[in-house]
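Take a look at the structure below.
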Amino acid sequence: MTGRIICFGELLLRFTTPGHERLMQSPKFDVHFGGAEANVGVSLARFGHDVRMVSALPDNPFGEATIEALRAQQVDAKGVARGDGRMGIYFLETGAVRRPSRIVYDRANSVFANTPATAYDWPKLLEGADWLHLSGITPAIGPEPSKAARDAVRTAREMGISVAFDGNYREALWSAWGGNGPDVLRDILGHADAAFINERDIALILGETPASRADAMTRAFEVFPSLSAIACTSRAQTSVTDQTLTGELYTREGHWTSKPHTMSGVVDRIGGGDAFAAGILHGSIEAYGAQRSVEFATAASVIKHSIPGDWNLTTVREVEDAMSENGLDVRR
Amino acid sequence: MTGRIICFGELLLRFTTPGHERLMQSPKFDVHFGGAEANVGVSLARFGHDVRMVSALPDNPFGEATIEALRAQQVDAKGVARGDGRMGIYFLETGAVRRPSRIVYDRANSVFANTPATAYDWPKLLEGADWLHLSGITPAIGPEPSKAARDAVRTAREMGISVAFDGNYREALWSAWGGNGPDVLRDILGHADAAFINERDIALILGETPASRADAMTRAFEVFPSLSAIACTSRAQTSVTDQTLTGELYTREGHWTSKPHTMSGVVDRIGGGDAFAAGILHGSIEAYGAQRSVEFATAASVIKHSIPGDWNLTTVREVEDAMSENGLDVRR
Amino acid sequence: MTGRIICFGELLLRFTTPGHERLMQSPKFDVHFGGAEANVGVSLARFGHDVRMVSALPDNPFGEATIEALRAQQVDAKGVARGDGRMGIYFLETGAVRRPSRIVYDRANSVFANTPATAYDWPKLLEGADWLHLSGITPAIGPEPSKAARDAVRTAREMGISVAFDGNYREALWSAWGGNGPDVLRDILGHADAAFINERDIALILGETPASRADAMTRAFEVFPSLSAIACTSRAQTSVTDQTLTGELYTREGHWTSKPHTMSGVVDRIGGGDAFAAGILHGSIEAYGAQRSVEFATAASVIKHSIPGDWNLTTVREVEDAMSENGLDVRR
Amino acid sequence: MTGRIICFGELLLRFTTPGHERLMQSPKFDVHFGGAEANVGVSLARFGHDVRMVSALPDNPFGEATIEALRAQQVDAKGVARGDGRMGIYFLETGAVRRPSRIVYDRANSVFANTPATAYDWPKLLEGADWLHLSGITPAIGPEPSKAARDAVRTAREMGISVAFDGNYREALWSAWGGNGPDVLRDILGHADAAFINERDIALILGETPASRADAMTRAFEVFPSLSAIACTSRAQTSVTDQTLTGELYTREGHWTSKPHTMSGVVDRIGGGDAFAAGILHGSIEAYGAQRSVEFATAASVIKHSIPGDWNLTTVREVEDAMSENGLDVRR
Amino acid sequence: MTGRIICFGELLLRFTTPGHERLMQSPKFDVHFGGAEANVGVSLARFGHDVRMVSALPDNPFGEATIEALRAQQVDAKGVARGDGRMGIYFLETGAVRRPSRIVYDRANSVFANTPATAYDWPKLLEGADWLHLSGITPAIGPEPSKAARDAVRTAREMGISVAFDGNYREALWSAWGGNGPDVLRDILGHADAAFINERDIALILGETPASRADAMTRAFEVFPSLSAIACTSRAQTSVTDQTLTGELYTREGHWTSKPHTMSGVVDRIGGGDAFAAGILHGSIEAYGAQRSVEFATAASVIKHSIPGDWNLTTVREVEDAMSENGLDVRR
Amino acid sequence: MTGRIICFGELLLRFTTPGHERLMQSPKFDVHFGGAEANVGVSLARFGHDVRMVSALPDNPFGEATIEALRAQQVDAKGVARGDGRMGIYFLETGAVRRPSRIVYDRANSVFANTPATAYDWPKLLEGADWLHLSGITPAIGPEPSKAARDAVRTAREMGISVAFDGNYREALWSAWGGNGPDVLRDILGHADAAFINERDIALILGETPASRADAMTRAFEVFPSLSAIACTSRAQTSVTDQTLTGELYTREGHWTSKPHTMSGVVDRIGGGDAFAAGILHGSIEAYGAQRSVEFATAASVIKHSIPGDWNLTTVREVEDAMSENGLDVRR
């Protein structure tokens, strides 16, 4: 089954230091594209779904290149507005051993941040969609994206389109323009069907401190009546590149946990959460059932950790291979 | 003789496509540092002078790396303020054949642009200096840099410090914040001793259209009574990488022209004007006399065209070698 | 005006030695996509036309990547068949000074060569098109592509679609499978409206030796009654990287020549002819008139010589800039 | 003691994605040489033996470069025929975490595949040899290589030269031309003195399913009377780059197992089996005895896992160091 | 508190193979700067101390570049003599799996080795210093550096400057010129306040074989009356890139051990000991107390293992972060 | 016809800055092999002759790699002695525009320099040879190489082997050890049959100042009675990368000049003289006659200017192509 998903959020350039070097250690950067919602969109397009990106990009070679990259991944970019201005950047210093990776953002005043909420014609942009996906970063970017995010969610609700929301609470973004993050996220979650949040997000959004993850989930289902599923991952790290990843899926009916995946020699952890979210949405669209969905989503996320860049350049078949007991030796 | 020069202006990161590629053609960038005044400062420090940079940089790894790079070039960076925010970037696509190089700026809202004019304690920053150097870019960056530039020039004048000014009229920067470029530049030139401007700059600043370069220079000397020297280059291009460069120096006493330098296989044209300006200032400090100064400055600029990056990583000895008839074969 | 163009031909991987190295001198290759018709298609898509590629590619990551790259360039790849097998490769050793560039082909037995002519449903593939473009390479690849090329041309003719044909006579390809090149090309040219051929091609195809280019063109118009335009370039080389390019356009009404373009420091000459052909087709679709068309096409080809890879990653605006007297200095 | 070994098999170009990237993720490939028998040959030459390669390569720069590389490794390439055609290629995408490495072959229709069996003058090529080594890939490549492999083995037998055979059963190669793999491999194994096969190979070749590795070995010794030694490895993988390797050697007299080697951060697993085979042959030639042979071979294979490319660029001394308890810290 | 430290020793160029390749496997080298004392100096300068390097470098672009690099790191290079000659080089082949890294030295006859002891005016060079740091490599380089090292230590002692000494016993260097290493090191240790030595160094220097590390330390405190602290690390390696590091600090009052740090995916182990030494000196200057000092030093060393090159490009804040339980996930 | 040539001289590692960068501008080096006599040897081996290198190299991975590279080029390296010590290095900064390329040598105290003259058993090493080739660098390296060079020449003479000598007068090398260059070179030239020297070399060697090149040649033929041919080139440079090269050949019978070759976009000028010398020797061995020899040698040298590294990686066929009027367009 093919779903039609609208992803709304900012696209970023990512500049990465080569070979575990510190930022500016040697004068080279590798370039990738990022942005939480685009990451989810690319995954879903590669899983065979119709994905449309709604965003705003500069009318310059970087906007052009981003759209080319989306098109290459079969993500429809017709809903991407173009305007004067800049594209947000983030710099990634890839950590190692016990030195964590580090991100330096340079995303303020982007075309996306400055595009007025009225520039998005939601009834038209959402037409024919099954899902609207966005993250907590989108409304945190500024007052206009915040308004646009709420408009989008409300319109989707009215049009009977399911809403998927990835918490991604970023204090620094909210405080930069004085937005009230918890208020806005509560509003959005009030309309969401699926959420990618953990107990930390829930605590921040509700201003409460749940005793456990299970309690937090229970509270979230109480407070947000439209929510039917919450998914999150647990990540244990014995070193920056040695981790164990487990996925969890909570519904009002129960709670499912994936098998834990030991990941050693992690290549690129960025986008791992987005790969997981895309896997859950894929499972939902394909009606995989809860256990298979969380296994698929976790295996998809594990694959992401092996691929440079934010995007999970994989396929359903490869994820299924990773879910199986096929072994890890060379495929010929 | 060693001069003490203060350079005031913004420092930029430069991201360059590798091997004549279009912007974002392949996912790599080479990194250099730029900024017109820093370019002049690095040249002068390499020519043996005491150079202090006055600027503002972010309190992050990019600001840190920039200061390290200045220190490496023996440019004193103690006058560089640090603050929250971003560092301006420019992207350079290196042209070839008949496709011109192209610069995409992403410099708005930088720490430098946002640093208030009052943050610079000019009497202290200029203490002991022989020259203050700045370009027309500095006041064009925004109202605060504009005010700071004028304060700097006025204070220098009061302290008996000579002022060198490089026209560098950038319409896009002025119009971005509604600054009156010609007014400000006329004010600054009214205090300058040396200017790096050509007939085009003069026309824009005076709002007049001189009949010739010579007429323009005559008018400039009339309008700006403190000016004692104006220098500029002529660049003829038969292809993007094949050029001829000639330097000219005008004073109230006369007019000197360098021998023309044929440049084929140009590696990097950016910073060529700053290298020339540094050469003229060096000649002035060393009392080379007009002809030798303009020959030195032009040869210095020619060397810059062979070096990747904005900075003219050369020495007085190499410039003198380029001025000589020593031939171009391998030096062992 | 936007044209709808179908390009039919093989897509190749191109592996290029870095930095003027000999083949296998150091263990690195840069990768690009090639194929004469795709090169034309990418140009036309970038000039704003609707372009559909008809081809056949392997069902493996290379076929996938090629389709992604076409999509990125807004070339519709839905008409690209997929099958078991390999993708043709060509290796490019970039020459320098007086050592010519060298191509080593490894394209035999590709999916394209092995796809049966019956696999292409031409009436459907050509539906709604204004032009069909193909080159003399397509029928030279093997008996099935040869048949497919003739089917395509005949069907286009029947559907009232104009046919553009680029001679590109490759003796080695024809003799590899014993095809009668001149026969086939005469057949195709008999249905073509526009041809990209010079006196050498004409001589080979007609088995005659015209006394001059003008005579050859006259003969071609006599022999091929549907032909309304023939275009070609003249290339003079004083070194591998120093060339002069002139375009010519012949119709039954007259003969137009572009201004000659001196090109020094040529970065990549491959695809220069395809860029020219695309320029002529663009001029025809846009009804530029003969002189403007040949100037546009030649300027487009000149830009190609500055860009690594087969594809002319440019825009109408940049070509027009190259046609103007705007100078070659850095664009800010 | 120095042995004289003839290796018969195809040489391939290997194109590897850089830095764990997916195939065609960024436009670069690293190049190495491959081919199971050449891998063994290079190891043995580096261990001090006289190695001659018998193969067929194209008469182009790739054939040339391959021969240069063999010569550099002191493998005699005079027995390598040259002909028109192509050289087989394989593309390697280096996996990570839990994403297995992946090989895409493009080796059909190579010069080697097309060289007639009669082109090899075995009595002359084998003259003076102690061992003939080949793998199950050689006869799988096509009818002519299949015939050539059997001729080689039969001739060796007649000349009293020992035959070493590495199973390497590749279903895809056999089915591509309809060869009967099990028949051919049984024939070859019927003449072999040493075999590098495990229970899976034995099952495929004999069409039986032994209950255990030990049973399989017993059966192999029954069916193939000339066999005096069988060696194989066991590889356990907790992640793509974290593995444990153990070597085993079976003779009619007994069974020896190496100590297990924990390998974390595996750099390149390709060629690990060939490195092991070369180690066993070296041990046999040097009369190391069974235990030392299997320890040496396993340690050699472990070293291979740390070196980019197919070839085990090591020395006897380094293998012995790896067998010892000398620790893993920097050698100065 | 800011300390003033003089580091005396040779600076080296380090050429490293890319990506775990063997030396000269592909024709590329990455370049870093090395030298045990400079490594310590760079760490201390980055921790906020005033560091002056005393050394000798060639009067060529390599000497120039080294001084620029020191200046960038805020290490004062005014005490670096310049002379005719060469700069020592070391080549590093980065190991993997169970193949140890390997260093090939090419450091003989350097400017540093040839600079006469009399060239160093110690009373002036040491003026105002709190600590003199040097390693056992400095006196091992040749008779003049040996004499200079002893002069430096003696002068420091007379001026009331504390002496820190890192054992670093290099047999090959001593035997190259016939120096009596143990004698010289005993002399130096006789004046040292802090030493970075382990039981192996002590055994070599004293010509005794202590029963345990603790015994060795006891003996060292007996023999060298001025010593107040001895620090060293224990390194356990399960593979070349998987190690456990523990630091220890011995004083006449007691013995402190850091928590063990598991390090997987080690990027660059070179300079790990120097990073530890710098951490201990920093702890001493800052009066951290023994436990915090050894924790700080060990965490600093752990960070070094994640950074390419000899220098520990970190900060006090990052080391403190590594000492904490803040987790290893991405820092935004 | 195949000649047997012995080349005697030092082999060097060459480290080159990437992309016209200054030395140490960014932390990367490309690596090639150099050495005047090896350069000649590689050319001749590629032209089909039997070449044996006599030299001395360190017993380390660099010596190993050099021998592998020679073997790859089919240069017999059995006459290369191995010993403890270092390999000479030279650093090349590739110039551009009007900034000349620059070489920094680090070749003192190499294994070659330290190998005693007695280590070379000339009667054995020269056995069966037609030519001995060496340059003026060999005896300049130190007293032992100087003695060895003279021994070699004398022995060759006695054995009836022709001697080819390339002047290459390097003042810095001679003065480093106080050798009397002119004396030694006069001695060697007194035994030479062919010399690669120009008027500058002749003036230095004879201590006379000839009025013209023709006079110098006349004098050389007078003073050195065994000389039958002198060849040299003239190089005119309009920029570092734009040059014109002409070859000249003088015999006692006459004087021949090649056509001048315009070279633009020169990639690598190093080894151009050695490529010319090899071309002359090849012409002599093949009995091309004077005019064809000088044309061949000059064309060979021109090709060298297009290839990175010291070695002229070309073939007789390519040189003949460059001598022809075949044009410079892509060879398919």
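Order as written gives the chain letters A, B, C, D, E and F; numbering starts at 1 within each chain.
Basically, a residue touches a chain if its C-beta (ideal position, glycine included) is under 8 Å from a C-beta of that chain, and two chains touch if they have at least 3 such contacts.
None of these values were measured; they are calculated from a predicted model.
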{"item": "Minimal step count in the chain contact network, chain A to chain E", "value": "1"}
{"item": "Chains in simultaneous contact with chain B and chain C", "value": "A, D, E, F"}
{"item": "Reference chain A; chain at largest CA-centroid distance", "value": "F"}
{"item": "Comparison of C-F and A-B (more C-beta pairs in contact)", "value": "C-F"}
{"item": "Chain separated most widely from chain D, comparing mean CA positions", "value": "B"}
{"item": "Whole-Å separation of chain centres (CA-atom averages), chain D against chain F", "value": "42"}
{"item": "Inter-chain centre distance, chain E versus chain F - centres from mean C-alpha coordinates, in Å", "value": "44"}
{"item": "Sequence positions of chain E contacting 2 or more other chains", "value": "22, 27, 264-265"}
{"item": "Touch-based graph of the chains, sorted into line, ring, star, complete or other", "value": "complete"}
{"item": "Sites on chain C touched by chain F in the complex", "value": "19-22, 25, 95-103, 105, 170, 172, 235, 237-242, 264-265, 269-270"}
{"item": "Residue ranges of chain F touching chain D (in the complex, touch as defined)", "value": "68-69, 71-74"}
{"item": "Chain B residues touching chain D - in the complex, by the definition given at the top", "value": "26-27"}
{"item": "Parts of chain F lying in touch with chain E, wherever the complex brings them together", "value": "15, 22-24, 27-32, 60-62, 64-65, 86-87, 89, 91, 93, 104, 106, 108-109"}
{"item": "Residue ranges of chain D in contact with chain E within the complex", "value": "261-267, 302-303, 305-309, 313-314, 318, 321-322, 327-332"}
